[in-house]
Amino acid sequence: MLHILRHTPQDTSRFASSLRVMGPKQGLLLIEDGVYALLPRTTALSALQLLPASVRLYALETDVIARGLAMDDVPKRVTLVDYPTFVQLCTQYDKVLSW
Amino acid sequence: MLHILRHTPQDTSRFASSLRVMGPKQGLLLIEDGVYALLPRTTALSALQLLPASVRLYALETDVIARGLAMDDVPKRVTLVDYPTFVQLCTQYDKVLSW
Amino acid sequence: MSSLLVISRHPPAAPAAREALDLALAAAAFGVPVGMLFLDAGVLQLLKGQEAALIKQKSLTANLQALSMFDVEDLFVCQHSLSERGLTPNQLLLPAKPVEGSEIASLLEHYDQVVTL
Amino acid sequence: MSSLLVISRHPPAAPAAREALDLALAAAAFGVPVGMLFLDAGVLQLLKGQEAALIKQKSLTANLQALSMFDVEDLFVCQHSLSERGLTPNQLLLPAKPVEGSEIASLLEHYDQVVTL
Amino acid sequence: MKFAIALLAGPQDPAARSALNFAQAVLDGGHQINRLFFYRDAVHLASNLAVYPQDESDVANDWRDFITANKLDAVVCIAAALRRGVLNEAEAYRWERPGANSGKPWELSGLGQWVDAMQTADRAVTFGT
Amino acid sequence: MKFAIALLAGPQDPAARSALNFAQAVLDGGHQINRLFFYRDAVHLASNLAVYPQDESDVANDWRDFITANKLDAVVCIAAALRRGVLNEAEAYRWERPGANSGKPWELSGLGQWVDAMQTADRAVTFGT
């Protein structure tokens, strides 16, 4: 299953809820304001880093750049993707859940 | 100053932000989904109870009843008001700030 | 036939709450096996004793009670969301099954499709 | 003439961010003494290096920089909101003054009217 | 006292009803409303095309009746309205759109009208934030 | 693979653009879209009255072009649309409203169309939650 998160981690309960129900071997794709979870020195980023190693993390590159996040700050664990890869991820996981 | 809070305390950052900047002798009126801050046994209600005694707490009665909150559960410190009293509060405080 | 889980996470006065319920009912009307999970503020939809008419809204409670008529029996409520709001299952107007984080993870795996509204 | 504080609390891609800015600019154009406080996700509007064109949006940065041309000089940013997002004032594109809780309380008292957008 | 009342949320939001109840109570309390201002999604209230199921209350219609009955100044932000497809006859003509979906008692005008209302009011109250 | 794509947020939300980019990439990737479904505030995309400032991109227009160019099935939830004042000619006539503000390529229909699309798709993806 691929989870898609589009809201800021600090301003709604969606980020916390999605992490709470994330299972092993699932994927998490950050899009739109969800990419703010990659801001360094935040509890959101720490929470992402603490996810089991089998959970794959992705972020939509255009949304990351558009919002002014520094590419150097993006953790190695996170794969930056474009829309074609976003589509590919959807086919790769058995279902897609948007938060 | 009268602060008006209309969102649930758990789902957005507004509740926390409004409490953080609340000054003495100010008022806080809960309307719409803001009345869920009165649910017993929640950290939201505890936070309200911890506000300085000079901060007056109000809640719009129709919104409390409409959402199924038990009237017996409403703390003594909270004054239930109707719309005419809501208007009166606005005149009584020097300004109104909606969160 | 694919099964569908509708996750409803908005408080009852929000239009999104009704629109989530409408999707569950539509799916049931099509004979699709459908479940509903009430999460975050969505658990507030289930609180007994609501009087929506006071704020000139149509009662959501009636529609919720219609779920069983449409054979939507698989109702779940997030225990964490309930606790966070100081609520217990006996305050709910439907016999939704309280589920914890890992059980929710299994639920999400169990259904073929999941839509959050 | 009443002074006005506009509190902007939405991330830059949200339409509400632009609409808050538009109110501040309109007030300034009327000669009203106006200040802006960036709070919660609103502080993200001030992050340097945004490329809104990539998501086909008009740059909010340009409008933010127009504030000084309209003599809107009283810009404040919530220190708590910055810290919560791991940000420091040197990452901001405008010289907004970081303010703490009690200073914000004083700010709210200082202006005749406060609008949160 | 003079009140400036603004609404930011759309017809589907409970705030649309709260603001109307409040506005009614302001008048009932012997106060004045110097202007109502509709911004952001609240501009949709000015559409005359919305169709509600018979068993749901039509808040846009209730607002229209309230404004008309009390001869209130009800300004809809023109920039917000254009973006959201709420146009009166003049704007539909100006922008060569097939038709209008708004009109009296709603007036399309600029944000300056809100600023002006706040300046001349004793209290400014915003709903639907 | 067959994709069912739903959008819930309105034209002002960044999700309206994300969903369009995604839909384009689905087709570019050699996949099919068996239906686009527009629910909640996304029904406003089907309005033909929105006027954007010249320097802003008109996402509703881009959606319209995309749907037309690719001959896609674009269903707008009729219940959500009626409540929000988005009407085609038939609905405007049925409900005796002064005019319509929607039409081709958008089709007004029930939620069952979304359910059906999900049933026949390999993947269902929702934007604007």
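Note that the chains take the letters A, B, C, D, E and F in the order they are written out, and that residue 1 is the start of every chain.
Everything that follows uses one rule, which is that contacts are C-beta pairs under 8 Å (C-beta built on N, C-alpha and C of every residue); 3 or more make two chains touch, one makes a residue touch a chain.
This one's a predicted model, so the numbers in the text were calculated from it and none came from an experiment.
Shared contacts of chain A and chain F, meaning chains that touch the two of them, come down to C, D. No other pair of chains has as many C-beta pairs in contact as E-F. Rotation angle, chain A onto chain B, C-alpha superposition: 180 degrees, expressed as a multiple of 5.
Copies chain E and chain F of the same chain sequence form an interface built mainly from equivalent positions, shared numbers / all numbers used being over half.
Note: centroid distance chain E to chain F, computed from Cα atoms, is 27 Å.
With each centre defined as the average position of its C-alpha atoms, the distance from chain C to chain F rounds to 26 Å. Distance between chain A and chain E, defined via averaged C-alpha coordinates, is recorded as 39 Å. Annotation for chain C: residues 13-15, 40-41, 55, 57, 113, 115-116 touch two or more other chains.
Multi-chain contact residues of chain B, defined as those touching 2 or more other chains: 10-11, 13, 32-33, 63, 95, 98-99.
Counting partner chains per residue, chain E has residues 12, 14, 18, 53, 56, 79, 124, 126, 129 touching two or more of them.
Taken together, the chains touch in the following pairs: A-B, A-C, A-D, A-F, B-C, B-D, B-E, C-E, C-F, D-E, D-F, E-F.
Put simply, chain F touches chain A in their complex at residues 1, 3, 14-15, 18, 21-22, 24-26, 28-29, 31, 122-129. Those residues of chain C lying in contact with chain B across their complex are 11-14, 40-41, 44, 47-55, 57, 84-87.
Residues 8, 10-11, 32-33, 36, 39-42, 45, 62-63, 65-70 of chain B are the ones that touch chain C when the two sit in their complex. Contact residues of chain B toward chain E in the complex are 4, 6, 31-33, 60, 63, 83-84, 86-88, 90-91, 95-96, 98-99.
Every residue of chain A that touches chain B in the complex is listed here, in rising order: 10-13.
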